[in-house]
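Okay, got some structures for you below.
Two complexes follow with subunit A in common, the first pairing it with subunit B and the second with subunit C.
Moving on to the complex of A and B:
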């Protein structure tokens, strides 16, 4: 979620004049340390998350782990985002980590005291931060504005890429997979190595995506990010040549959503990359290469027929 | 159009524990439709579901899909899938299963209860209309009450069975009584009193079954993911297996306890030393029950789930802490579509031996 909310969080602490420590970029060591504490069958991304927690344990006074449950009408998060604070507290009980958290629970389904919007959630941290409610509120608003602007600029950049020429591929996956330095970046680099422009399906107008996803699924799709990704597919699909689905094994939402995408998108080459933290890129590279070949053959075929 | 001449829909619902009986009753008595009993889950069901499901979706998806496909073969033209209250993958089962079944070329009506909105009870009516356009609301409500009573009776009877079946003197007595009970429910009159009479009669019958309960039996708490815990086939009949070792098995989780008697705020309060922020879905109730049993001095906890069940995996670190605090052994099982029982039996046996030794050592020390 850092990739989704990073600007918001960083600007928030900066505006309050507080020090924060970011965990290092994901590397093999982080994944290994995370896998060591997590259950084997946890998803790849959560192992990486716990690896980051381990790397931070000795370096800060307090771990910032928000509790992100649901966004009301817009959908819910995977339950794991609800479990992270309690999981961290229980896994590292001996080391007594202090955890700073806020609860996003728009629909108040959990009967928690924190039901309300994001601003309410941030303000609820005021006491734990030792700041006044007003200070926190102002800091939140400032940070939120920055985050919105940053996301808007990012969307504009992606849109320009999508409108540009050349071979384009739509990357569909959770941003904590796509943007991750250890699991996602090497794949992006490999694709770019073939001269392909990569479009990130996360970079769509979120309100628009909430309407668009209904073209590919019915309204029972619960997860907000999956909805936005489907919205991203609807938004970009006329502008790209193929889709890459990037999933960390065994992601709960993706296990179902990917099959829906496969069945609904129809006439578009799809490469389904399932990552499970193996070393060695050779297998992935082969598959990317053959995928690019398929795209090229298709082009040639179209030209011949057209 | 003459209503009496309209062809009845052939409705079916996936196998799930013994709850099919209730569903059947509601469809036939409340909605006046025909019910197709899905064939009992077998290896074929599982393979059928597995073949058409995504790779690493949780096993209940595969089981229910397999059940649907077999129900269609048995003549069903309308399928019902649940959804709704929970926040896990289950909510999205229906959408994909409908696509899979239709992509396979079957022309069926798929009633997905996930489409109903809890906050707008009227949305249920539009789904019921799909099952019977000429439904009668009073009849539905009347049958609904009967079915609720049946649910309560079924869960209590099942709990009685689970508590005692391991100690019966003659093998199979309890199962036979339970089978008769289900048969009576199917034929029951549509009112609460009839259900109560059946419940009372079965209770008497079960109490009359001779049992030999040792003074201090090994007591095990069974927790885990909703479907796997309650469905005998997916849990490899583990409840029975434990009983055969002479263990007393207590399982809190069943439909009536989770939907009717459950208070999340209360459970949250109980576990607040371990979990400050709710971990979602069934974790709160499972952790709460585990803690409760640990405090009551149970000898072991057994945790079942389907492979990849996110909320239950997340609960594992908490359960481990509880178990180390109260010195209770715990055994984790994770099921997918595998068949062989041998591995499970070996682990169960080792768990049983270990608990037995631990218990005897404890007794000696106390002497």
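Moving on to the complex of A and C:
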């Protein structure tokens, strides 16, 4: 979620004049430490998350783990995000880590203390932060503005890439997979090595995506990010040559959504990459290389037959 | 002296090689088991090919490699082309069957479907990185049933009532299989059940959403299993073509790609006498601890790869 909210969070703490440390880029060591503490059946991303927690335990006074659960009409997050603050406290109870959190949960049940909008959720952290409500409110507003602007600029950049020339593929996956240095980055690099432009399906106007996803799925699809990714496909599909689905094993939402994509997105090559922290890149290389070949074959075929 | 081109396909289970002339016709082809040692398998393969190669009239001017060990063998043999097996298979198969529209391929640890229209690949899919329902799976289950892999298909054909078996995962299938044996199902029925399970697993996963149209060509080691072929025909309703040279399609394609590449790199069979060594070492310079693969010829480094960053690069 850092890749989604990083600017907001960092700007927020900066505006309050508070020091923060970020966990290092994901590497094999982080995945191994995370795998050691998480239940074996957990997904790759949550193992990586816990690995990052381990890397921070001795480096800070307090762990910031937002509780990003239910976004009302926009959909929900996977259950793991609901669980992370409590799971972290429980897994490391011997160390008694202090956890700072805010809750996004529109589920409407009365016992949810902080149910409500994002600003209210941030303000509820005032006491824990040792700041006044007003200070926190102002810091949030400043940070939110920066975050919105940064995301707008990111979308504009992606938009220009999508409008540009050359072979383009749409990368569909959670940004914690795509942007991760250990799982997603090597794949992005490999694709770029073949000279293709990678378009990140996350970079769409979220309100627009919330409408567009209905072209590929019905409204019962619960997950907010999955909806946005489907919206991203609708937004970009006419401008790309193929789609790469990137999933960390085992992902519940993706197992359903990837199937929807393969059924609903018509005549377009789709590469489905399911990653589980394999060491060897050979299997992935084979798939990417052949995928690029197919894109080129199609081009040749169109020229020959057209 | 005429030009010839060699294609080598080194898979997890078997190693295949062909030598073709300038018209893409096979001059000779060989096939053997990799047995976990791709380098030794390729040396053996080269000796077999050499024995059948007409060295008086032809000389090999370029090599193409494919299969999971393509990079390794490509480095050792100084290949002109190193190509993934999907492309190699498509090229090799369209050469045999120009009108093919669907290629099923099930190998040792991969399975794929390739869709072609008008001789051009338009779509494909591959199994996820899990090897369920591939050759490795059949070998495992054959061993459990105490049947030779070669006999498996024939035994399956004798069944009149295939036993339903879950083939999604090798481990689950195995416990399912043990249970079915215990309740008295015959080996024939279980073998037929496994063949059917492999086909259903393939059609529901690898081939999901792909439009299967005839002619259908079935390749890869598993295509030698007549039980699986029959199960494919039953489930798809189309005749399934298995070629005598189907197992060589990847190697053939690699040879054709080497010819098309137009790069001349003469090859000498004496390489089989040269000392070759491959090492896979953990780098240890950072937490990623990449496995760096180095290829040595007569003690000198030929190539290395596997490192995610500069720190792990190995130079001579």
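Assume the second predicted complex is superposed on the first by the 302 of 306 C-alpha atoms of A that agree within 3 Å, B and C clash if a C-alpha of one lies under 4 Å from a C-alpha of the other, contacts with A are read in each partner's own complex, and residues count from 1 in each chain.
Everything below uses one rule, namely that a contact is a pair of C-beta atoms (placed from the backbone, for glycine too) under 8 Å apart; a residue touches a chain by one contact, two chains touch by 3 or more.
None of the values given here were measured: they were computed from a predicted structure.
Engineer: Have a look at where A:263 lands relative to subunit B and subunit C in the superposition and call it first, second, both or neither.
Structural biologist: Both partners, subunit B and subunit C.
Engineer: What is the contact status of A:186 with respect to subunit B (first) and subunit C (second): first, second, both, or neither?
Structural biologist: second
Engineer: Quick one: classify A:294 as touching subunit B (first), subunit C (second), both or neither.
Structural biologist: So A:294 only meets subunit C here.
Engineer: Touching A:83, do we find subunit B (first), subunit C (second), both, or neither?
Structural biologist: First partner only, subunit B.
Engineer: Kindly classify A:11 by the partners it touches after superposition: subunit B alone (first), subunit C alone (second), both, or neither?
Structural biologist: After superposing on A, A:11 lies clear of both subunit B and subunit C.
Engineer: Of the partners subunit B and subunit C, which touch A:30 in the superposed model: first, second, both, neither?
Structural biologist: Second partner only, subunit C.
Engineer: So, does A:210 touch the first partner subunit B, the second partner subunit C, both, or neither?
Structural biologist: neither
Engineer: Once the two structures are fitted together, what part of subunit A is touched by subunit B and by subunit C alike?
Structural biologist: Residues 259, 263 of subunit A touch both subunit B and subunit C.
Engineer: Which residues of subunit A touch subunit C in the complex?
Structural biologist: Its residues touching subunit C are 27-30, 182, 186, 259, 262-263, 267, 269-270, 272, 274-276, 278-287, 289-290, 293-294, 297-298, 300-301, 304-305.
Engineer: List the residues on subunit B that touch subunit A in their complex, please.
Structural biologist: That would be residues 54-58, 61, 83, 87-89, 91-96, 99-100, 103, 112, 114-115, 264-265, 268, 274-281, 283, 307-308, 310-311, 313-318, 320-321, 334 of subunit B.
Engineer: What does subunit A use to touch subunit B in their complex?
Structural biologist: Touching subunit B from subunit A are residues 39, 41-43, 67, 69-70, 76, 78-80, 82-83, 85-87, 89-91, 93, 101, 103, 109-112, 217-222, 249-250, 252-253, 255-260, 263-264.
Engineer: In the complex formed with subunit A, which residues of subunit C make contact?
Structural biologist: Counting only subunit C, the residues touching subunit A are 68, 71, 83-87, 90, 110, 117-118, 120-126, 128-130, 208-209, 286-291, 306, 308.
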